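Chain naming follows the written order as A, B, C and D, and within any one chain the residues start at number 1.
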Amino acid sequence: MRGLVYHGPNDIRCDDLADPTPPDASGLVVEVETTAICGSDLHNYHGHMGPDTGYGIGHECIGTVVEKGSEVHRFGTGDRVLVPGLVGCGACDPCRVGAVNACELGNSPVYGNNMGLGGAQAEAVAVPRADFALRRIPDGISAEQAVTLTDILPTGYYGALGAEISPGDDVVVIGAGPVGMMAILSAQLFGPARVFVIDSVPERLAMAERLGAIPCNVEEDAPEQIRAATDGLGPHSVIEAVGADATIQTALWLVRQGGAVSVVGANLNMEFPFPMGIAMARSLTFRIGICPVPQTWPTLIPLVLAGKLRPEFVFTHRMALSEGAAAYELFDSRRDGVVKILLDPRR
Amino acid sequence: MRGLVYHGPNDIRCDDLADPTPPDASGLVVEVETTAICGSDLHNYHGHMGPDTGYGIGHECIGTVVEKGSEVHRFGTGDRVLVPGLVGCGACDPCRVGAVNACELGNSPVYGNNMGLGGAQAEAVAVPRADFALRRIPDGISAEQAVTLTDILPTGYYGALGAEISPGDDVVVIGAGPVGMMAILSAQLFGPARVFVIDSVPERLAMAERLGAIPCNVEEDAPEQIRAATDGLGPHSVIEAVGADATIQTALWLVRQGGAVSVVGANLNMEFPFPMGIAMARSLTFRIGICPVPQTWPTLIPLVLAGKLRPEFVFTHRMALSEGAAAYELFDSRRDGVVKILLDPRR
Amino acid sequence: MRGLVYHGPNDIRCDDLADPTPPDASGLVVEVETTAICGSDLHNYHGHMGPDTGYGIGHECIGTVVEKGSEVHRFGTGDRVLVPGLVGCGACDPCRVGAVNACELGNSPVYGNNMGLGGAQAEAVAVPRADFALRRIPDGISAEQAVTLTDILPTGYYGALGAEISPGDDVVVIGAGPVGMMAILSAQLFGPARVFVIDSVPERLAMAERLGAIPCNVEEDAPEQIRAATDGLGPHSVIEAVGADATIQTALWLVRQGGAVSVVGANLNMEFPFPMGIAMARSLTFRIGICPVPQTWPTLIPLVLAGKLRPEFVFTHRMALSEGAAAYELFDSRRDGVVKILLDPRR
Amino acid sequence: MRGLVYHGPNDIRCDDLADPTPPDASGLVVEVETTAICGSDLHNYHGHMGPDTGYGIGHECIGTVVEKGSEVHRFGTGDRVLVPGLVGCGACDPCRVGAVNACELGNSPVYGNNMGLGGAQAEAVAVPRADFALRRIPDGISAEQAVTLTDILPTGYYGALGAEISPGDDVVVIGAGPVGMMAILSAQLFGPARVFVIDSVPERLAMAERLGAIPCNVEEDAPEQIRAATDGLGPHSVIEAVGADATIQTALWLVRQGGAVSVVGANLNMEFPFPMGIAMARSLTFRIGICPVPQTWPTLIPLVLAGKLRPEFVFTHRMALSEGAAAYELFDSRRDGVVKILLDPRR
């Protein structure tokens, strides 16, 4: 099969790879129907995930079961499924309530990061512990909606959940990229009075405004605008969806006394300069983490089915898997109004 | 001054009454700008609140401070204020967090029920413990919006809160009267997948549908429609906004395994036939109560200001205080598309 | 094998029964090491669970796996396991977070109630969906402790959880039977200021007092004692562990304004006379339900291991399975200081 | 009157000061009965709170009202009261629910920090907004217990609350100083399986062990001991009660996947090196803040009254106000088994 492979910084290629097989009797193989590039793939693309090269990339895909192990009972060949980016052990106490991000066996391999599962930007993927990991795609959910359910919509929701939004609160989302857009949609599930969004790309701000957010351009001192609009108090909740040191700093300085900052952008700085004095004076709650994707499905699937969440607007570009290198280059550039790119593995 | 007085079942009159004075140094007098008839006033109108007659009726009003005691510090004459239907002591632990419905002194007199505070359907009302009880009406909130903030919007919100709605849940609101309409608006603050509404009046169902609810007519076996739409499971949450024995029964039988029923309709039956066996088998949460109105203001006022809650649609009729008798008759009849009636105390 | 069988009101016999076999490939058979009689078995014993007779009784046991289906992966023969009283489907959304009492397939058969699973007061039991249902007994937990973990300790904990106890609250437990005792232990996990217990059996009240509860004898107007001790306000939370109409009424009348009543006693009255007027005036939360036993194990097992919960004191009598008839008679009589009876299936 | 004054690093003196007067009509004066030195006073003592000198120090005291403004209604001269360390405006939304640490007016002056309120280590203190700020000391609470209720016990409780402890969890308290001791007591209100405590002073560890905590000496690789005791997973919750960079780092590295770190030690580092990558991989919750003391009283006072919290053991030394300099020197040294020092303002 073909799949995108990381060959080094700014070097993604569509290579011929060995066909995947079920990892063991509890696993199966999914033929990928649609896959997408995620903002966090850019950490690999930029060479920030370590020196290893030659591994399959990508962690967002849906598809159809084409082969299964003897101990897979809940799925059969032909079933269309959501493939989550990470897979827990399924047996420990956290996994038993769906908290795969707290899996006690440290047994949560992630697609696309050289952790043994291969990449999801490919014609097929292997899935271990399939009965535990997968979920059938219900009728009424489109392929594009389904892809968002494998990572960015759950992640945006997880960010909103961690931000402790109560009805009537003011919320700021930092970053109007794909996850930021999902964070805006998700924040609105908690009844905020206002959702402000900070970004520097006018097209993205305009798209966020169509979702009901109040756009604030970084170029026009967005934090000051928000402070003024909130009587100098700042927002109750900030969802950070970029992951840069500077934007996390903005979140920490902007949030209101007693408020919460929830980071879903990826940041690997082991010496992030945290303003502890200000955090203490503000009585702050700070969260950062990895979303336990399948745990959010009972919440998000009904909302997509009911038309309350319409995440598919986020796909601005559709390209072929064979165009992977160009797709990464475009996505990284933020040119041409790109927000998120779907890849068709059949092309 | 003039005010509506309960003279017996189906007998409300606009009488001349003594002008109110501040109850004590911590109290003040509000000249009423707008008042409204509440569904719970019909309990009085129908003679269900006991044999006493001759007391002022009504508990929803806004107005302007015209006289104040020497120990009122937060308000001055000329201030426009929200007057909540009940007033706690302000000093006990529950009152200190706004839970006036749990006031330990049992010191929560209610307007319009012969409990010493007079009625709010009048030209003026006296307010005790004003610094604790009142809130200034912020710029940007209309008089009609403000009246809903004195009772029905908080009560609908309280019902939604008690129903333990999580994002993605299915919710049923029983009763598309004024409080039911506010419950629909409020339920939507918690991110439900769907809100169903049950009523028998087509105009009310149509109005509820414009709010985004799915209308279900009692005449067409509404519970069965909802059961079918929820794969036989029923809704996660039911908000009962009628208060009749039959509708509370419907709520208890309709709700899903592990779900919650929240009653904001008034029911005084001291031997309500509760289906305990079914409640046990369903692992049910059941709530009924009186809303601590002021505690909801920090939540609801920003939502009205931001345009996220637009409760004023509920007023279908505007009449003069002097037409009180006719207004009650009309409201009770549910004729002419009436949902809620504003009364102008200057006429 | 031998097992206790319900032959009609007050007629339990130890019969010879067919040996159980694994229900299907995902199931297994447990040889019972210890079993116990539960207060809710008395509903069967008294003939309140319907006219059927001839079914195995009992739903509390632990034991050793002696035979397993081909699709059981987490357990092998020789493993000592906790057997929960009810078993969910394991696949629906509620089961995926352990809420087997809300299983969407209605697929939660219960031992000992003629629902297909047989009775646990026997030499062996069959267990369906074993990987999902069972849990290994950790080293350091005694057999007697383990039996309490299959029903009464989780049920007492579930009652305490539903009672919404916050640190500093006053709590009342009604009924110092086995589940009531576990409710006292469990309530203390939530930091209450005081736990009162109401019963009429002096030995049980004395045992409850040794757990740190304040004993209140029904014969000496227990509700009035509690009201006086709480400045007339009543307790914040009441856990009802009897299930009689009268004791649930006591709970509803006793609880404080804004408080919660949590019923873990079994009550099947389909027209329980619920004092709705008082519940409304009090702004009450009311819960009744069946405990999702396995969901509580990650909480309770560490507490037993750490010595923070020592539930085994509840066993006052140890008898042979062959003495089942006498054991039921004794337990029902409340004579001889009996609180809970262990049955040894090897005798 | 006499009071302790900060004259520069390691230079505290008992000076003659002007007698305080009620700050305005809503304020009053409390004659101090007992006061105490707090660990956070050492930040001043060490010169870390800025260059200003000559201000009164201390923020923990109880006493008797000796003079009051005309608008104080809830207290009279002769009332014994708890004086909280910080005082909110009493009128904003956060203050209306007791969250004085989120006071919107930024109007929360703190005793002993040169913010206008003077110091509590004195013969008398002035209290603004007394009706809002103060609470009468109930009968049955000793003076020593009462002093702990003005700061350290609420702060320990606030730390435990922020650590999101659920029944059955493992908890670590870092630092067995006065606030750490209170955090141990408070953590136990949430039903943990085990509470570990880390410190380097053997007497403090022994005292913590008597409270039920498991002592871990820093000198013997405490984190490794705890990791081993928790199957390599670490504790669910860590309460940091020191405030040093190193101990906050320990907390962040020690906590379990999905866990929470709650800091009540004071740390003013504006570039604290936060290990963001590890926090992200662990899906961490982090809290740091100032306790809203009066909000905790409805919780803590009943627990002290019921004997469930016995905080007074923490006072190892009793000295005269006139010995203030020596008291600070001793407290700072951690010599002689000192944990916390009471000061008698009459001597």
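Here is the rule we use: a contact is a pair of C-beta atoms (placed from the backbone, for glycine too) under 8 Å apart; a residue touches a chain by one contact, two chains touch by 3 or more.
It should be emphasised that the depicted structure is a prediction, and the values quoted were computed from it without experimental measurement.
Common partners of chain A and chain D, by the touch rule above, are B, C.
Counted by C-beta pairs in contact, the busier of B-C and A-B is B-C.
In this assembly, the C-alpha centroid of chain A lies 43 Å from the C-alpha centroid of chain C.
Work out the mean CA point of chain A and of chain B, and you get 42 Å between them. In chain C, the positions touching at least two other chains are 298. Across the complex, chain D meets chain B through its residues 26, 71, 73-74, 91, 93, 96-98, 295, 298. Chain A makes touch with chain B in their complex at residues 157, 166-170, 188-194, 298-303, 305-306, 308. Interface residues of chain B, counted against chain C in their complex, comprise 94, 99, 101-104, 162, 231, 233, 248, 256-258, 263, 266-290.
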